[in-house]
Amino acid sequence: MEPILYARNLNKRYGRVTALDNCDFDLMPGEILAVIGDNGAGKSSLIKALSGAIRPDSGDIFLEGQRVAFSSPIDARLAGVETVYQTLAMSPALSIADNMFMGRELRKPGFMGKVLRQLDRPAMERIARKKLSELGLMTIQNINQAVETLSGGQRQGVAVARAAAFGSKVIILDEPTAALGVKESRKVLDLIQDVRSRGIPIILISHNMPHVFEVANRIHVHRLGRRLCVIDPKDYTMSDAVAFMTGAKAAPGATSAAA
Amino acid sequence: QDAVSACLITKTDTNPFFVKMKEGAEAKAAELGVTLKSFAGKIDGDHETQVAAIETCIADGAKGILIAASDTSAIVQSVQKARDAGLLVIALDTPLNPIDAADATFATDNFLAGELIGKWAAGKLGAEAANAKIAMLDLAVSQPSVDVLRDQGFLTGFGIDVGDANKWGDESDPRIVGHDVTAGNEEGGRKAMENLLAKDPMINMVYTINEPSAAGAYEALKSIGRENDVTIVSVDGGCPGVANVKDGVIGATSQQYPLQMAALGVEAIKAWADNGAKPAPTEGKDFFDTGVKLVTDQPVEGVDSIDTAEGESLCWG
Amino acid sequence: MTNQTEADRGLLGQSEAVASFEHENTLLSRVQHALHSNPALVPLIVLVASVLVFGVLLGGKFFSSFALTLILQQVAIVGIVGTAQSLVILTAGIDLSVGAIMVLSSVIMGQFTFKLGLPPAVAIACGLVVGTFIGFINGWLIARIKLPPFIVTLGMWQIALATNFLYSGNETIRAQEIEVNAPLLQFFGQSFSVGGAVFTYGVIFFIGIVLILAYVLRHTAWGRHVYAVGDDPDAAALSGVNTKRILISVYALSGLICAFAGWVLIGRIGSVSPTSGQSANIESITAVVIGGISLFGGRGSILGMFFGALIVGVFSLGLRLLGADAQWTYLLIGALIIAAVAVDQWIRKVSA
Amino acid sequence: MEPILYARNLNKRYGRVTALDNCDFDLMPGEILAVIGDNGAGKSSLIKALSGAIRPDSGDIFLEGQRVAFSSPIDARLAGVETVYQTLAMSPALSIADNMFMGRELRKPGFMGKVLRQLDRPAMERIARKKLSELGLMTIQNINQAVETLSGGQRQGVAVARAAAFGSKVIILDEPTAALGVKESRKVLDLIQDVRSRGIPIILISHNMPHVFEVANRIHVHRLGRRLCVIDPKDYTMSDAVAFMTGAKAAPGATSAAA
Amino acid sequence: MTNQTEADRGLLGQSEAVASFEHENTLLSRVQHALHSNPALVPLIVLVASVLVFGVLLGGKFFSSFALTLILQQVAIVGIVGTAQSLVILTAGIDLSVGAIMVLSSVIMGQFTFKLGLPPAVAIACGLVVGTFIGFINGWLIARIKLPPFIVTLGMWQIALATNFLYSGNETIRAQEIEVNAPLLQFFGQSFSVGGAVFTYGVIFFIGIVLILAYVLRHTAWGRHVYAVGDDPDAAALSGVNTKRILISVYALSGLICAFAGWVLIGRIGSVSPTSGQSANIESITAVVIGGISLFGGRGSILGMFFGALIVGVFSLGLRLLGADAQWTYLLIGALIIAAVAVDQWIRKVSA
């Protein structure tokens, strides 16, 4: 089977800091691929490169066999790749509904929408509320609250709900449950499996090994800016995975195990 | 009977010239029992503030307006509104375009003021005038009318072809080292002088739009030790300016009489309110010329002038 | 099954109720809520208060429909430019070239009619196109080359103003001439009166553009994107806003509005004068900030700017009618600007 | 035993949103007190009130028996209460060392320091590097890097290192391991126990139940803006705790179990 | 033992090595690194390049020590005010009142000497105190009442300027009078020459204050706090910076520096003139922005401002010497300001 999204030899440097070091990447159709690695290993840089948020210094990315060079996250979105960034990417002063529909607002039907281009606020608010309830984010008291007034976890929930609602080919989640409570995390895990069952592959970056081992089909272990190995969670224990990731054990079939 | 009320609208109220004009008007108004409100633009050329001021005067029920207009053509429509509302409008210092847009004009002939210093400068240099190196320190890139009139008057008086008389800067005479703008203050005068000196350090004649810029130009010359080789001429005749003529900072200046303009204006409005009389212009001119005199301690053959002692007795600030 | 799910077992049978607290629904709390959801209310309160104060001090002279509509006429130009400035400031930018674009456009409308002999309608269209084009250049430099708005529009200010002086030869086109040959140029100066209150078409245009932009900013996707770009440009870009397009369109629209302001200016002063509008930039920014729009972008409303412009207008006319002389007026306006914003801040605080 | 830090009847409302609803709080000397609760339950609001970052609308706070009313986090810091906020509170453009020593910079000895007030950069950099190494944040390649260029987890590590290095009476950690990797989280847990063994009590907000149950002496369960109950982790299972927190089970001895 | 520790067991035997990658140590990469760690290098490059271009075009006329030191003299005042502006802008503020404070202070120095008959040294001290006090009021309103800096300093600008005109009665004190009676007022106008290059004490003061502030900003706690406040005021407050005290001290210091600029101004123009300094605010902000300091605060260096001020000075003089007339110079400076910042941006990009 061909990977739906893959990358070869990605490099990205920031001044003297190397974030991606000849990194390869493969995502298979319909799978949940977890990406794990130490803080600063380059996981976020990798998915930013995949989703058009940064341009790698060199290297190639292929989506459905076609070479792509997203020049912005909009391009990636139009191609069906939806991302929740670690920084969440929300406009603090705007409302939850505004943020969820940013860049794909719904317009009123008929004259008001077509000619006067009026937004269909009631519809957007309704959908936003529904998506949030599905995630169990019921402590949100007011859907028109500015995002900056939400708690850390509420904010993350809004971002995840947005991606899940709109992704069509690939959904990328960079630590989607980091700030979430037990209940909310569970809902996100359920949601991830739900999305996969609709046939959409997911890239999940997480530091939570139990979560990773619960949902992932394959695990991409990232170390010092590159892919160290890819393992099957059924063949290894969490302890093994952590050992590879931190360099405590040599990785299976790693071409060049870094220091 | 209600007290007669009048408005004075000047270009700015930061230029000592207009400050003195205002003081003259206030003194006269107090003497005649007229209530005077004064208005001014924020900067020279601030036309909208003057329009708003005229509207305010109409709303306020004033009998007449004294105005030194920033844009002599553009203001005409607002002036007409005031006249239609029954106010007497008198242009001070700067004639409107057309001049009869105002009921009367009390002004200096600015072209003449320039021409006087131009003739004096030519006379001062004598035969050397043919090889003069002249710096022209003007007011602003927007070239308001006083700026153009004095500049072109000076050049005409000096004997230089001015090209289009409606703007400065289009002359081709090689004696002109360059024009620069000063904003009419010391700082601008110094910088403009420095710029032109960098272009040609051998400048020996400096025209300045007014006396503060002349003082600034002098500082620039002094800093390179050329203050005694260069002659500066200017316009205004304010007391510091005349003192500068006396001290040899400025060679000659054309003196104008803003207090008189203002006092005459207030009197005219009072007369208009009392008996509907309008003031008459000077014989043979279409405005009332409040006169201009050349002040210098180095008189030149063929150019009428007064000395600084007399200039000090007539000066305004 | 991993241990994580041990904790998760506690979720079975959880309550699905949405959080709710009792709310006191007092008058005060309702006022507070209104102030929070309509940021423009605060400048409106300051405005009404200042009208009342001057009304008491000046009586009928100020409370005449003549004086009150005069204020509208006097602030119309700064206000129209202020709408353009508001758009730009909402994107966390600043446009110092607004006044220069306005006056250059008006000069083009005049000179194309009188020097080139074009029909006035065509000349006006040319003026509008030039204004839009300058705005577009501003936007392009800011969005594509990523130059700071302050510098780009500072440079453009000087360029447009110098072009204006060079092209017009500093010549004013007189009102009488325009009236006879191209009355269309003075269109916005025409007025009608409703019971003693005189409204010029320029004032109507001002109110109209405020209402239209208020609608667009609040009720269209473009408007929300303008806020998003000003709020956090990186987040906006990551969440799918074409920030470059938004920025360019905002500056171009700002240029267009300023060109319209140039046309309105001809109506107001009758003539075409190349020296007008020199302080339009600082005055429009003042109106914007008094109106409660944040200079850091993303927060505030154009209605607030409307009230902000009127506040300055009320102060200026009121003080002038009180007979304060010009420097005292400046001094007091300086103090009052600070006071107006302090009151605004105070209302927000007690209502927080 | 008297609590070292306690609060009674704290209230905080934001417009129509109630964040703290007559909330009580007690921290005993030398203990690790975990605070758990749903997203938006008001945990961060609680610790912000305790640390002077917000002023409660009403209610009282006592430190070592004295009523305190911190008007800013500086006051709290001077009183020995050190906090890692969920938003981390770092100056993005400044370096790691600058951030760690913000507000308590070291000056050079002698004339340079006393008269010219020159900072002792080498010393600050040395200490910063040491503190970070203790946390295992070794992927930080350059101690003079601006904080904005750090990965999410690296940033959090810097904030935790700062609090641990300077806290003297109480250390408050609002989700200190949310963005941390396995290795880094372990180091933070070790650090927490280490600090407690120095006799300094710690308030730990966390959504990670295994972490909470591993280190906490007592668990404050927060729900809908108030303290629902306080439990001993030895008496209850994780599943019980989550059940209380989400309202699935009635809390033991809860005065008024909210909806 | 919880399951969490199952994963943690993998940590045993982990490598403790710090991440390391090979670094090419080419010339290019070293240049890039230098550009990154010294943000002021970029405006320096632009400055050197423009000096070279004008030098080639103009030859000895421009490369004379006269012309080059003239530029320093011409930018000294804007540059001194620019250091004050830099401090304020680093805190994400803006100070529109700098020019007004400068001129009011100089007027006080002059009038206290000549009208009140105080000894010049005392009059100068009074001027410095007044400048500092106005700055303090600005800072107090901004830090305590939380008013936006733009509005506070806009209001203060008008207040200080009007006070200046009202108090001085618009009267100039002539250079000749000062020279005779109070030469101390002209202290900064004195000059000495080093091999044809003429340096006034004003220029020395300018360079001195730049160096002192560069040191203070980089090497003292106060300096780091200024950056922190501008970078993210909430974060700064949470992490223990007394943001209010920093803001107040920055504005007060800005006022003091502007008062010194007023003293230097007397040296430069010889006289005490209440109409000076009207464009100092916009010019100082220009120098700051061209020098690479962000208007959003927290980023940039005062050395950059120094080069930024010189860039403008080089362009103005260079263009005049090339024979551009006044209006064209005005236009070209507008274009060149944009170009200078574009080049700056481009260097940063290729070096990123």
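Residue numbering begins at 1 within each chain, and the chains themselves are lettered A, B, C, D and E in the order written.
Just so we're on the same page, a contact is a pair of C-beta atoms (placed from the backbone, for glycine too) under 8 Å apart; a residue touches a chain by one contact, two chains touch by 3 or more.
Treat the numbers as computed from the prediction; the structure is a model and nothing was measured.
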| item | value |
| --- | --- |
| Chain C and chain B - chains in contact with each | E |
| Contact-richer chain pair (by C-beta pairs counted) among C-D and D-E | D-E |
| Identity of the chain that, by mean CA position, is farthest from chain E | A |
| Relative to chain C, chain with the most remote C-alpha centre | D |
| Geometric centre distance via CA averages, chain E-chain B, whole Å | 36 |
| Cα-centroid distance, chain A relative to chain E, in whole angstrom | 44 |
| Rounded Å distance between chain C and chain E, as computed from the means of their C-alpha atoms | 30 |
| Centre-to-centre distance between chain C and chain A (centres being mean Cα positions), rounded to whole Å | 40 |
| Per-residue overlap in chain D, given as positions that touch at least 2 other chains | 16, 40, 87, 139, 141, 182-183, 208-210, 224, 242, 245-246 |
| Multi-chain contact residues (two or more partners), chain E | 2-4, 6-8, 10-11, 14, 17, 19-20, 165, 327, 330 |
| Multi-partner residues of chain B (at least 2 other chains) | 13, 43, 141 |
| Complete list of chain pairs which touch one another | A-C, A-D, A-E, B-C, B-E, C-D, C-E, D-E |
| Chain A residues within the chain C interface of the complex | 53, 72-74, 77, 83, 85, 87-94, 98-99, 102-105, 107, 116-119, 121, 138-139, 141, 162, 182-183, 186, 208, 210-211, 213-214 |
| In the complex, chain C residues that touch chain D | 3-4, 6-15, 17, 19-21, 23, 32-33, 36, 352 |
| Residue numbers on chain A that touch chain E, as the complex places them | 15-16, 18, 21, 40, 209-210, 224-225, 237-249, 259 |
| Chain C - residues contacting chain A, complex | 2-5, 7-8, 10-11, 14, 16-20, 215, 219-222, 224-225, 227-228, 231-232, 234-242, 298-299 |
| Chain C contact footprint on chain E (complex, rising order) | 2-4, 6, 92, 141, 145-148, 150-152, 154-159, 161-163, 165-166, 282, 285-286, 289-290, 294-296, 327-328, 330-331, 333-338, 341-342, 345 |
